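As written, the chain order gives the labels A, B, C and D, with residue 1 at the start of each chain.
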């Protein structure tokens, strides 16, 4: 019971924050952040207490204590169908909870300053509360259906937070786009859940993992991929990644929390959970999608000028890495990367937020409402004005670029090793995976340094703006410092050898790479081990190329940017990158616009055509109706079956009225005629 | 039974003759103010006398087999008497009628009443012809009682020509029937017909007789006179025509056809047409035509009376539907429906009279706003119209259910059921046209409403039965069932 | 009390309506009519609540202490037979609640109040009667009783095209009920041989009798004909594609409260009738028809949603959303033939819950649209191309209302999100159950139907964005936020939406045992 | 003559003539006469059948008497109506009396 209560606190604390703030936020006003922050603090404490329980893998003894706590409660039952809500906590869950709590706490802290002066200050914290609530729900969920429920709820909170500044034009659209794109994935996920339910008879993930063995492999592949569709949406994988860049319309701390560290990682987390029953075929698809995403997003990021857009594409790219890792059978590294990425990417976003904040204040000071505070071409040379931000950003950039001694190196290296071993094993087309992996690694290093150089180095582009730039206040810089510390490799491993990733963290998660229903994980893992060194050298090589190029072009300015752009444009790469591979346009062209057109057509058919068609079948009644066609649109709409028949009767009525001519002798004639007809005709029968 | 013995079963009719003659005499003696009292007392007495008549199912053949007094006729007489009496009451409050001719009016109505009583009794070809003529001839006069009104005059002209033409055709048919069988008593004729080998002559005379009866009940194609006469006649007369003669017509139609042209010489058994002369199919077809014509033509009418005339035709069609099954259920259904129909139709007509009296309107669109001007009566009017349309929760619905039921019970003419259902939907439209006009328009009516207690009471009473019989009809139904 | 409670529920509104006539004349208190109506429906809610407290879902109808069975018309074996079970009790509660709320929502009706409120109470009585009647004849009567008040309520107090909408609604529904009448009489006759020569309308008794029918009519199986006739009768009310075109018009033209009743309660009668009458009586036909039903359901879902997306009138959009949402109910119902018992139960439970939840959600939507309309006097999302003011044609009508009317917008958001099936709001569970059920029976069809989840989000969010988000349209800068009375209408519903979203157990428990017996009837016929 | 056919033929011809007159003549009085022809055709029928049918009673003859009387009554009423028509619209042409129709 105590455990249950402790676990429930992860849900209760944030929802309490939400409820209190949504109803009493106006009264609390400035204190709302204090409330939110203190509740988050409690939660962080709780997460720390929880993780102490987690049992690490003992490398020497090769044993581990099986630590997990779980419990479930019947939500409702119709007799034969019972739906349970419950939690399942193991090492992975505990780490995720800690990540969420930590970053959540830091973002709360950061936001107290960042959001100051916003008219809906308290509502912002309320929304953060509901987000943390639903994110924790996903993490804790022991069943797919519960995961789906919170899955949707994070969608809601993401919608609310992206559209937080709804008075502007773009945020509401971005919010809609995010929600709807996610729903596309969710449909697949829902269908997948249903398939699994009707074959296994349970929504519980553990039971599904245990029970899928009797399923038809083809169907299981389908089911796995359908569930994975949810991850494609949530983790912004190709082809549903389009919402994430737009989602940057939300406040920057939100981007850090939701769209970099936690929510987008939920897809990876979920795929991690279902990994054991994904068939090899399904995993191949997963790997390819991850690879495409990683490379494509990285290429797109090169040409972004908006500081947050670069980070957004970088996030997509890194998520692609994680998905790819899952696909090639390295869930441990995927999860590792998830956590390290959460730290450094949150740090990057918060840094960029700090920069934007400073730019914004400066612009505000100048009373300039036209200049975009996020545009890197307006920045430059900020390192002197914002030393802490600069330092934090540099550290996290080194981490993401995969430089040794930084956390990103550890996890990315593992992923690349796994990809390489996968290629070694399967050969053939799988070459694209290492190409994408290493290529993206290089490009990542390149564009991240480009960002650093354009923002913090060089000559300030706009002097007057530069003049009013100040370092952000302490509440904002503390999170930066903390997160940048966590971006160092030693945060995850006490091992100072940059080439060894074993440490307390890996010990906690190591055993989760050992179970799979179809793959022999022993071989897979040993393959990864053996590819380790190849991958490491190669990745160091490509990373240094990327950094060197960046230094050459943007710091030393030895090479003209345009020339390179033209060079790449020979193969169309530059314009592809510039136009985000045209995906938005393509969607607009082949989905969105035709779809809207179709709905209009549907509505038109429903109102206009449907009736006419039916009435057509009634033959000449159509003639009657066609008279009105020209008169007005609306009157056509209403010539329906009922109207048609009513017209018919009215028409017959008018005709029949002529028989009642008013002349008595006609009446008599009519009587006689019918009488004769009856006598003659019917008598014959 | 010989003539003297017969008298005791003939008292109500005698009283009516007496009454008619005496009010004419009273008029001659310039004692006009006694006329009304006299009529009321007389009708009351004849009602009492009617109560006294015990009528067994087999009935008494009176006046040497010219008439029969049985439970069947007894029931119809009540319907006829109630409707006629209410018409006489209402006629005192109609502004249309010339007070000067009230005695003639009453006398004519009483003669018609007598004729209708005889129609329900007749079992002899002679009496059939005579009673129909006795109803018709005063009716011609009644239709034209507004001497200086062109429409009334035209109505009576059309009525007389059409009526005498139809009765001429019927008489021709009767003469052939007489020739085939050699008798005028329908029971005797039945016995002879059973021996006839070729059914063709029977068929022709049957059709000609159907013309005569059909004209009385406004069956298509003999409905032509109905709308014109109904529109032209004073509303009170129209109301009168729309119920009592229809009931009498159905009585004579059912009795004659059931006895003469079926395999069974009785009203009380389900049976089939004689000699496979498939006249029930003819009736079914005519019923479909009748209801369709009635409903379709009613759709486009502007004049309320004319619309109600067509509505009457359609109701006749519905009743014919039950008749076409030549079954006891059908007869019961008709008798049951007639009771409902009498009340709802009369209350609707009385409302029309009330509105004409007060607001002087004839057309449907002129009815606008009456729902708010005369709220209570309007609610009852709506009730009556709903009932005429045959929707629950009203007795019209119950009645229609019984009519439909006969088709199911005898398992024939399902197609007719479908036609009837389609017709029901159509009928809604025009009944609701009145409702719409009454309520959906914002027109403010200036005229003051003058409420006359008897009119008011009758409308409310007759209309209230729509609910009453809807809740508890089984007693009435069981009663009718007991008559067979 | 137990014996009278159902009768009271039905006839209390009638009493209230009758009371109004003298009261409006002799009691010189302003708005006395409204207060009487409010009190009547208020008492009705209390009665319904009492009923709910004392309701034991484990008892069958015949065992329930509330059931009243009296002879009415012995000749036809017609009975006054009323009772509640798990199928009807959610509907009864919904009806009582929505009636009360609609009286509140109609408070600013000033035109002919006496007529409006007395007709409304009659309508209320009819609805209660339909949900409580267990005798087919009685059921039919109440079914028709609702028709007239509705006709007047739309026809007199409706929008500009009210006359047309009223007559259309009336004729369309009547067309359907005629088929029902035919089926009713048919049932009577064809079951007569198994009931000692006399038919019956007793729906409980007919569960045994009707499946025994083995006759032919015009070469058709009678059971099949009965099913078709009943289905048409009910389908028009649901409305099932292609009988749905009366709905947008009637909803748009009706006054707010009437739209609420129409969408909230009347539509449910169609599906309720199917579950109450068609399903238990003709299980064999259900088995044969359910695939079609599933397809119709999916067509409803998708077609309704597609049409909703294209609407530029907020109310019409909500009306089409009803078409879409009733599709879920049909899909859930089709699951009764699922090979998996869990699936069948999920589907039918989902259907009944969706009936209740859609009742609350759509009521909320209509109420909120009504609130907006009261202030802005139009409800265009985008002005139509043929708008009288050509400068405005094709432009966004509102925009940014969220900053002007924050509380109102929050409630709209709640309603919209409930409508698009967001978890933790009641719509989700019922929709999910419908899908789960439908999926267990008809995989591909249901998989296509799940697109409805997406489409639902599209039209609601698009509308929300265009009306409430973005820069504030300056011509609406003087709109006032939702007032206390309007809040009073919305808050109880919002509470229910949240409650049953988070804690659906009471609703499921109420329904599930009746559903189990229904499922066993259907499964027995397979 | 001892054959029934000529009498029946006569009555049929009369009947047809009557109908023809009723349908074609525009004068109301002529129409009335047509009706009288029909009735008389019936009378001939009745008498003929009674005469040739070897029937026991004289029903047919009696019938005829009644029909004659009734025809007179009907004619009286009809003529009165026609006179009134003439007073109202100044003609006895039935085609002129078609105010009500439809």
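Annotations for the structure displayed:
The working rule: contacts are C-beta pairs under 8 Å (C-beta built on N, C-alpha and C of every residue); 3 or more make two chains touch, one makes a residue touch a chain.
Note that this is a predicted model, so its numbers are computed, not measured.
Ranked by how close its mean Cα position lies to the mean of all protein Cα atoms, the top chain is C. Counted by C-beta pairs in contact, the busier of A-B and B-D is B-D.
In terms of their C-alpha centroids, the spacing between subunit C and subunit D amounts to 67 Å. If each chain is reduced to the centroid of its CA atoms, subunit A and subunit B end up 79 Å from each other.
Look at where the CA atoms of subunit B average out and do the same for subunit D: the two points lie 26 Å apart.
One inter-chain figure worth recording: subunit A and subunit D are separated by 98 Å, centre to centre, where each centre is the mean of the chain's CA atoms.
Under the contact definition stated at the top, the residues of subunit B that touch 2 or more other chains are 157-158, 161, 165, 169, 227-228, 297, 300, 429.
Those residues of subunit C in touch with two or more other chains are numbered 171, 175.
Residues of subunit A found to touch two or more other chains are 646, 657, 660, 662, 664, 668. A complete list of chain pairs in contact reads A-B, A-C, A-D, B-C, B-D. Here subunit A touches subunit D in the complex through residues 657, 660-665, 668-669, 672, going by the rule given at the top. The touching residues of subunit B, when paired with subunit D in their complex, are 125-126, 129-130, 133, 137, 140-141, 144, 147-148, 150-151, 153-158, 160-161, 164-165, 168-169, 171-172, 174-176, 178-179, 182-184, 227-228, 231-232, 297, 300-301, 306.
Those residues of subunit C lying in contact with subunit A across their complex are 164, 168, 171-172, 175, 242, 245-246, 249, 303, 306-307, 309-311, 340-343, 345-346, 349, 386, 400, 402-403, 417, 422-424, 428-429, 432-433, 435-436, 439-440, 446-447, 450-451, 453-454, 457-458, 461-462, 465, 468-472, 504-505, 508-509, 512-513, 515-516.
Within the complex, the subunit A residues that touch subunit B are 646, 649-650, 652-654, 656-657, 660, 662, 664, 667-668, 670-671, 674-675, 678-679, 682-683, 685.
Residues 157-158, 161-162, 165-166, 169, 200, 203-204, 207-208, 211, 220-222, 224-225, 227-228, 278, 281-282, 293, 296-297, 299-300, 426, 429 of subunit B touch subunit A in their complex.
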